[in-house]
Structure formats: structure tokens, C-alpha cells
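Heads up, the thing below is written out as C-alpha cells.
Labels A, B, C and D are assigned to the chains in the order they are written; within every chain, residues are numbered from 1.
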């Protein structure tokens, strides 16, 4: 309807928090792309539950504490990061800005953090890593079978990616957007023609799920690489244990931003049981619903080692490319630092469950 | 006001879930018929409680499971159905489409499921079953006394119906719509003239309730047929036990879609105690509030053997006749299959209470 | 603004429940009178809590029960009433209809029920009782001191009132409406000129509360009459016990329709502890928030012996005088009968706590 | 946009409660000043939680009690106050009325109460106290270091202030308004130029927090004055104990009106554990969210010795200067008296936890 506003080459004025970017992004994207970015699945029950879950966690100010030595550094798989904010893998980033995944990765590097590139990236893995100027993480989707999956994995490793995030919660591809022809999953081979189903067979069970990875495939995958391997999309503590027992280095507690199975609990609600099931035997990352630095603090207090952020950084990308993404990361870190300062917390390790109060009645606005 | 849109002869584009049919149906029905279809009783407390109850049940994704042999088949009273979705008995279906009950029954057959024809059908029992091309279920309302009731039952059996659903929760007929003269309960004899009340007598107790069935009538009814006999409209576990003890084959947990007594609990809230009271001695069906395949999964997880769906299939009927109804059933089955796949559930029998999480605080949108 | 509609001389069409009268009444009353009738105190927290409290009580249908002998009769202080619905005392009823309190009392008689006339009636006690054609109840407000109070009581008794409801919860008169000169508390003497306060004295403590009744005054009052004496406005079970121990015949659990102290619990929430404290040693009436027959059933199930209804009957009065009030009472009784029939309850005595389910999470619309 | 209305020189008509002043104030202030006054931090979660917390506390009427000797007097640090309502320290009051802090202090004196002047007052400490005509309380902010802080403290003491409220919960100054040049923190020295940060240093930890007070500074401060010293902004009971153990005379339970760290619990929720931790070893004041006399009653019932009120008195100031503030205080006292009278409470000491009921489900409007 209205013409789209042009991308900015500086960050907008008067921004205090990532969500202040939301209107800037919205007026720079075609409505169907905006909808695709923001939507959840079905009735959006899980989408809405994700941020609400944070409202039932309260922060307690601890004034007069000495936090002069405070910092947000963490170490993950041998790498030191200036802060625990990792860019989540999001598909097709050229939908939002011509610089696409490269811009996001560059911003993460500039902010001394880390970013994870999707299997469905719209730029080549090699171009993205070279823009970033540092090793990145790669998000792996199962490619129908082991052979095709291995091929993708090997290319990734060759390109210099230094951790693999294996996403398992979205075995069924439900395309809700018509990609422009210029934007494609450029790193993937064309999908094999879908095997014809017998009359009584089910598209779901005999079609999609026949091409989905299974536990034995994860075991196989673990053997194909010595890189850190994390499984993304775990909500049940039994699955978390299995992941660790198969020799993986960790997992991402995530309901995929409320985009797959509607009616899952809020991702945050699944974090504590998984943390206690793992009890330190692997890294626990968290995503889905994080919108500001206080949310990050709460996820860390519930036991996450680091967090992934999804949609918010895309708001920055859509507004001002790499500059916008870098600004979003910095805003999140600033808010995290302020929350730490006001709660008397001088390091990420000190962000423990004792720092928060969990209220029974969720506080809804 | 506005002219009604014509019925469609193909299914509409871009439908992902039964509720996407809602606007199509609404603009094809006169407002008073739409209101009659959708309304609940009094303040709609129960009507609204029904769908909300599903929000407090959470689904837990179980990725990496092997569900390649997955299917939705069930066996009910000796008949194998491709899925557990049964069309609930709804009165006067020619209000929604000229093809009325026949269209619905035909669609259920086409989808290899089952449908239940109301005592208040607007087409003859014989025509409907012949359109369906398979035996159907019949929903029986008490016809003032045993003689009249027996007459209706015998005609039903003669026509080839193979299960009787005896609805007991609506003894008082509260007509909230003026039927067009062309649409009538064509299978029923004219009601006997209402016996005159004495001055101090009550319309409710001495009028309506004097013509309502009682437990002894159910015992009598049980003796009149060897067909499977289920009682519809049970919410109390003591009543459920009584039904089974009288030799019935099962019951339908239902608050009649929130249309009778306002202030009943959500139908779903009554399911678990009844399931445990019956403990397998009969079949437990469930209805009221089911709107998608995830809801079906939740009802089955709480112990239902199958579900009945009411208003949603009428949306399909009002939009595109038998085609629309068949599409609704298929959509429900597809959503159920997807939910099973994502939760690692390969058969209806595997849908148990361990698959779900019941949250204390109902999650309201 | 708009002209007020004239009173009706027949009941309106299409009424199913008392609340259907609401729009009819509203368009027949000047806005400031409508506001005065409907308002609560301060932030309306208690006003809104009253009806919401009923939503957390659920009714369980019990089909197939034998209720052919059902009826709603009760006996109170020797009088048999056709139903347990008593008209609550409401001040200045000529504000709503020229026939005022007489119309209400006449309607209660016609419906074989009972009504309670306020100390602040706008018609003489004698005229009202003669219109009613039967003894009525009188609601007594303390008249500054014993002498003045006794004078009013004696006139009441002489006029033939047969029960005294002593309202104690509104010691401070907060006039929120400017009465027209033609409408006055015609049965009361002019208030004594308010004693002048010393500079450091408080209007509340040294003014109003010095003229409010105290426990010793209740003991005194008990000695002045052998009529049934009930205390209205009790919410604490200790006070309920005191009332009974002083020899009173019962009490009314009421927060005055949310019109006095904002922030009290819903009146319904206070009923069960009071019922168990009294344990049958006196009658427990209930009011505040009753809007339909299901609400009456719930209050009785929680232990009330009868209920008082306030604003709803005024909607009838404002619309169609005595005819409207009688219709409201009949609607409430019909709804009560229907609720009893559907829950398998054949008498008021059978309406017990076993008939309901109390849900922890209040069900809010 | 619209022109601002002029200040009033009499109190407006028809005011029943402080919140009735809200529209009067709003139309007398520029929108950005109104926003600055009313806003909370970030998503306003804590701002909104503050008043809602009061809704879950219920008041129980206790009619027939003898409260003729009732009064609201309290004694604090040797001074007798006519009521427990203290004006909270609010910065820059000339933003709201040319008479600024002097008007507020004068009003508090006229109402025989107390008021606390902010470090960020827009008038000189000396002028304010002389307008008040009685000793006042001073709210101290840490002035970067001990030397500067001591200088301010000594001037305060010299000016005749008789209690020090040391606010510790807002170490980071987040200016959300551009002060007009005529309105400045006139009692403070210009801030020292901010020390330059090293490249890897953090604005939060190495900048702001390096200039924030620490526990050892509180110990030092305690030694600098024998005046009553209270710490404002305590929400954790361990901190409350520390404050008392360091010899302070009390504290203010406060989340700064929801203006600092978003996501703290409602201030009221933190009061009971602090009261029991202190168990009488110091005075516990409360603020954040009080809007009427019933709220005051509830805070006192949960154990506060007195309350501070923030925004509401500014509504009076912005409307009608000292007259408006005095009216607000009187309204609060009247409402408190009425609440005491209706709950049978004759003195502040009698306002105990037995007088209230705490409901599990917060009652939200």
C-alpha cells in the first residue's frame, strides 16, 4: 500500500530498547514479509506465552553492592565472548536487507559476540564467514538423508564454522511465505523429488517424517565431527538427557519462537527442569521470547549458559543493516549490565536463581 | 442486510485450519441462523470456558522420535475408522445448506469416519443413510413417553443405523430460532398437545420434566435394542458409572456445546474424573469446544476414545456442502497427524496423559 | 440529552432474563439516577467482585433425575413463600417510578414472595403495606439515638410489618445524589442538627460514628421487639456469631451491593465461613451480585436460606412498575426452577454444596 | 497542542478522592512533563504491579464497633504527626507549579504531617524549610564521593532538617526529561566531569557504579550525623537487616514508584517479609502505588509504620499549588478515617494483619 521507507545508514534517534526498533522495521518491510517474521503457528498461543513467561519472574534490587569490577564475559567452547547474546539462526535474511546474513554476522563480530548461520541462509556460507572475519556457528537442518546431510556438514566445516547447532524441532517445512526468486536457500542442493505416496499412506507420517532425523541419526552425526555439537529445539528433560548421553556438547531450549507446534509451554517454563536434568554435563542455551536485557538476566538466572535472540536483531537488520544489528546487540548488553548493576551482580556466573523471585500468579499486562 | 454469498462448489483457497472457514460460513448464512448456530446459553460462560480449557493443556514436542509407521486408525464397536473424528448430531442441517444432513453424512463416509444423525434432522433418516452409503449413528431424543420413543427407535434400526446416542442433557426445549416452514423435524411425530397445568403447578417441574426421561427409562431403553447404546451429556462421574452399570456401551462427555445450562464447567474439565470412574468398562467420547487437531490430541490424552465435533463441520457445510464438510474433517485429521508426529506419537493408543502437561494457571489470550 | 421513554404498561417482548430489562430501564431514567442506582463506591472493586464471584462456582447437570415433584417453596419465620427471592430494601423508589415502593411490594405479594421496605422509603409505611395486602419486612436504619430509633420501630410494628432487618454496614451517609424535593425519606423525622465539632475533632470519628449504633444498641434493640430481627451487612464470621448470641433471628450476608466500603471481598466469598459459624442457629440470608436464577442456586448451595435481590428488580420497576417487578421475580424463579431441574434438585433443601463445584481459578469473561 | 489551563486558586468542586485531581493536573501540564511524572521504567510492569497489589488485599467491615475515640495520630522519631501520610521526595517540583517544593512542604505542615525534600529540589533547602515553618525531612542522594556528600549533608543539617532519607535504589541517573534552564537541582554542586573510560570499560560498571554508594559508605554516613537516618529503596529482607545492623533508624520499602528497575515485584509484595525481618528494631515506611486511604490502611495492616505518597500530591500541586496538596493530604486522611471507622479500628496501632484478608487470586479490574 504505502511505499516502503528506505534503509537507514545511521541508527535512529531516541532508541532505548530493542523494541523501539519495531516500528522502524515494520515500515521498511512489505507486509507479507513482516507477517512472516512476526507470526507464530496456528493460534499463536505459544508465541504469546513466550514473552509472558518472563513477567512471572521478578528481579530484586540489591542496592549498595560493590559491582565496580562487573562485566558480562563468558567462555563457550573455548571462545571468550564479551557477552552471552548469540544471534539465533534465522532463514533468508536478504528478505530484510540486501546485506542479509553477512550484515548480521559482521555486527555480532563487531560486538565481540557470536552468531549462528541458518541452513536456509540466502548468502553462501563462505561469503558470510568472510564478512564476519571470525569463525561462526552453523545451524544444521537434516537434509533428507545422511549422505546429503554429511555433504552439507563437510562444506560447513571446510568453510571454517566452529560449532554445529542441529535443529530438530521443525521436521515439517510449512512454507508460509512465497520467496522471491532472488532469495533462495543458496547453500542447499535442490530437494530430491518427493517419493510418491501409496493411496492409504499419510503425507505426514510416510512423507515428511520419513525424511526427518531420528535419534540414531543424531548418534551418527555426533561421529561425523569433533566440533561442538548442540541440539536445538529441546523442551523435554528426558530428551535433554539423551542428547547429552549421546555425546553432544549441549542444547538449545527453544520452541522455535512459537513457530512450530502451537500449544507448547512457554520456552522459559521448560528451562529449569532441563537445567537440573543436565546438571552441568553440557551447555544449556535458551531462546524464544527474549526482548530485552532483563529477559536475558532471567533466563541466565534460571540456568541458561547463554541466550539466543531471534526476531529483535532482524528489526535492527531491516532498519539499518549491520549497524542496526550491532546497535540491538549493544542495547541488550547495556540493559543486561544495568540489570546486573541494580541487582548487585558483578558477573554472569553470579546470576543465579537466588537473584530472582518466581511468582505463582503470572503478572499479565 | 447485505446479500448472502452463494455456496461454493470447490473448497476455498488458503485454508489451513477449520476456523479459517468461519468467515466463509458467516457470510453465507442469515444473521439469525448464524447466531443460533454459534450461541451458547444465557451469559455464554460455559460456551467460552469450553475452548479456553484446552489452553491449559500443553503439548511437549518430542523430536527425533520414529513415527514412520504412524496412523490415526481406531476401532469403535467393531467398526474401523480412519480417524477418531465423529460428526456430532446437530439439528436441522438444511438451515445451512440445501443438502443438509445427507451432505454431512456423505462427507464423513468419504473421509472414512463416522457421523451421528440428530433426532431433529431435517431430512428423512432413510435418505440420509442412503446418501452416506454406510451405516450411521443415530442421536435419540426422548419422545415424551416410551411408546413414542420406541417407535422412533424401531424406525431408526430398520433404516440401518448401527449405534444409538441417547442425549439426556437437554430435557427442556428452548427454541431460540423460528424455523422456516420448509425445515422441520421431519422424522418426528407432531408433539402431543401439552397437558394443561393446574394453577399451582410449575411449567418446569410439572410440564417439561414430566416428559423428560429418567434413569428407569434408560434401563428400559437398554432392553429395547442390542445396538451399541451411548448416553450423551454426562458430566458427573457418578452418572457415568450409573450409565455403565445399566449396561450401556459408553457415553459422551459433553455440555452440549455450552447451549443448555450456563455455568457448567468446561466439558474438558469433566473428562478426567469420568475416565477414571469408568476405567475402561465402556467407551468415553468427548465433545464441546474442539476446534482443531491439537484439541483432539488433548482430549484423547485426557482419556477420550474418540471425539465429536459440532459447529466446525457446519462451517464447512454452510460454505461448500459435502465438499466443505469433508475438507474440515481432513483438516482436523491432518492437524492431528502433525501433532502426533511432532510429539513422537505413532498411534491413537499412544496418546496418553504422559504426553501432555497440565498447567495450573489457565493460559488465556 | 435524549428524552426519556415513557413507562410501559405491559412487559416488553423477548425478555429471557432479568438483565434483558437493563436497556429498557436505562432509557427510562435520567442519567444521574441511573448512575446512582448502578454505582458502587470508590473504584468499584467490590461492585465488580460481586458478580464475578459467582463465575467460580460451577453447576453440574444431573440428567435423568426424577424432579417431577419439584418446587421452590420455603418457610421463613413461620411464613411460607413460593420461592426464596426477597426484594432487598432500596431507598427512594419513586426515583424510578411514580408508584415507588408500593409497586414493588405489590409485585412481591403477587408472586407469593416477600419484600423489605427501606427506612428511606419515599412513600409512607402504611401506604406501602396496604398496597401489598400482606405483612412486609422493614429495614431499619439507626436514627442517631435510641429514642428516635424506638419511635420509628414502634410505628413500623403498628403498621403491621412482621420482621425487622437492621442494616448496620452504612453508618456514614454519603449522599451521591441530589434528591428532587418531591422525593424524601418521608417516614423519618428531620435529622437533629449535627453537633458542632471541636477544632481537633474528626468528622468521621466524633461526628458520624458518634451517631452510629454499637453492639450494646443491638442488644437493646433486641429487647424492644419480639418480631424476627435480622442484622444486615455482616461479612465477618465473628460478627455473625455475636449477632446470634445476642438473640437475633438471623442476618444478611451483604456488602450492600458494593456501595459502602470499596475493597471488601465479594459478598459470596464471605458466605461459607458465616454459614459454618452459625451452623443453623439462625437464618442466613444473602445479597449482593445476584443477577439470575443460577446465582440464586449457587448462593443457596453455599448455605444461604434465602436471597435478597437489589438492582435487578428496580430495572423492572423503572420499565413497567409493579408489572415489571413481578416479571423480574417470575423470571428469577423460572431460572431457579430450570437450574434445579437440570441439576436434579427437587427442593430448596436439596440445594447443597455437593451440587456445585468450586473452581480455584475464577472464570472471568 | 491545546493551551494549558491556568492554575486554580481554590480547590475544584466535586472531588471525592485524590484521583479525581488527575484530569485537572493533566490539563495544566505540558504533555512531556505529565509523561515524565506518570511514567515507569521500560515496559511499566512494576509501575502497574504497584497499584494492582492492593487489590488482592481485602478489607472486612466490622460494624457496630465503638470507634468514637478514633484518631490517626502517630509518633515518629519523637515528633507527633496528625496522620501517617508523608510526602515522598520528588525532584524538581517547580516543573508542576511555580511555588514548587515550598508549596508542598507548607501544605504538609498545614495538615500537621511531614514532608521529605528531594536532593533534586528546584528551590533552596533554606527557602523550603522557611516556607514550611517546621523542621522537614531531607532525601539524600549520594554525591559521587564522601566529601561532596558530606558537604550536602552538613548544609542540610544546618538548614534545620531533622531526618535524613538516604535513597539508594537509583544509582544510575537516566534523564528522561529535558529540564528547562530555569529549573535545576539548585542545591547541588555541578557534577564532576565524568572520568574517561578505558576502551574495554563499561559505562555502567566502571562509570556510574563507580560513583554509587556502597555498604561501607552507608556505615560512614551513619557516623556523620545523629539525626534519624532511613534508607529508601529496600526490597530485600537481607538488605533491611543490614540497614538496621548498621545502626540506621529505619527504611523505606519502595520500588521508586516503578521508575528504576522494571520487573521488581510490587512494592507491597516486599513489605511483609521486611517487616518480619526487622521485627520492630527500626521504623518501616512504605511507598509506591498508594492512591487512596484504603491503600494506606492496607500498607499499615501489612506492617508499615507510616507511608509516603508520591505522584498523587503532585496532582494537587499542579492543579492548585499548596492548596491542592493540602486538599490531597486531607482527602487521604479522610479516607483513612472512614476505612478505620468501617472496619472498627480506633487507632493506627490497631491496624494489624488480622484486619485484612489476603486473597490468593489477585483481583484485577
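Operating definition for what follows: a residue touches a chain if its C-beta (ideal position, glycine included) is under 8 Å from a C-beta of that chain, and two chains touch if they have at least 3 such contacts.
In UniProt terms the chains read A, B, C, D = FMN-dependent alpha-hydroxy acid dehydrogenase.
In this text, all values refer to a predicted model and were calculated from it rather than measured experimentally.
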Rotation angle (°) superposing Cα atoms of chain B on chain C, nearest 5: 90
Same or different residue numbers at the chain C/chain D copy interface, by half rule: different
Approximate Å spacing (C-alpha centroids) for the pair chain A, chain D: 42
Intercentroid distance (Cα basis), chain D paired with chain B, Å: 60
Per-residue multi-chain contacts in chain D, two or more chains: 361
Chain pairs in mutual contact under the definition given at the outset: A-B, A-D, B-C, C-D
Chain D-touching residues of chain A, taken from the complex the two chains share: 17, 54-55, 57-71, 292, 294, 298, 334, 337-343, 346, 357, 359, 361, 363, 365
Complex interface listing, chain C residues touching chain D: 42-45, 48-49, 168-169, 171-172, 202-206, 208-210, 212-215, 217-218, 233-236, 239, 242, 255, 260-265, 360-362
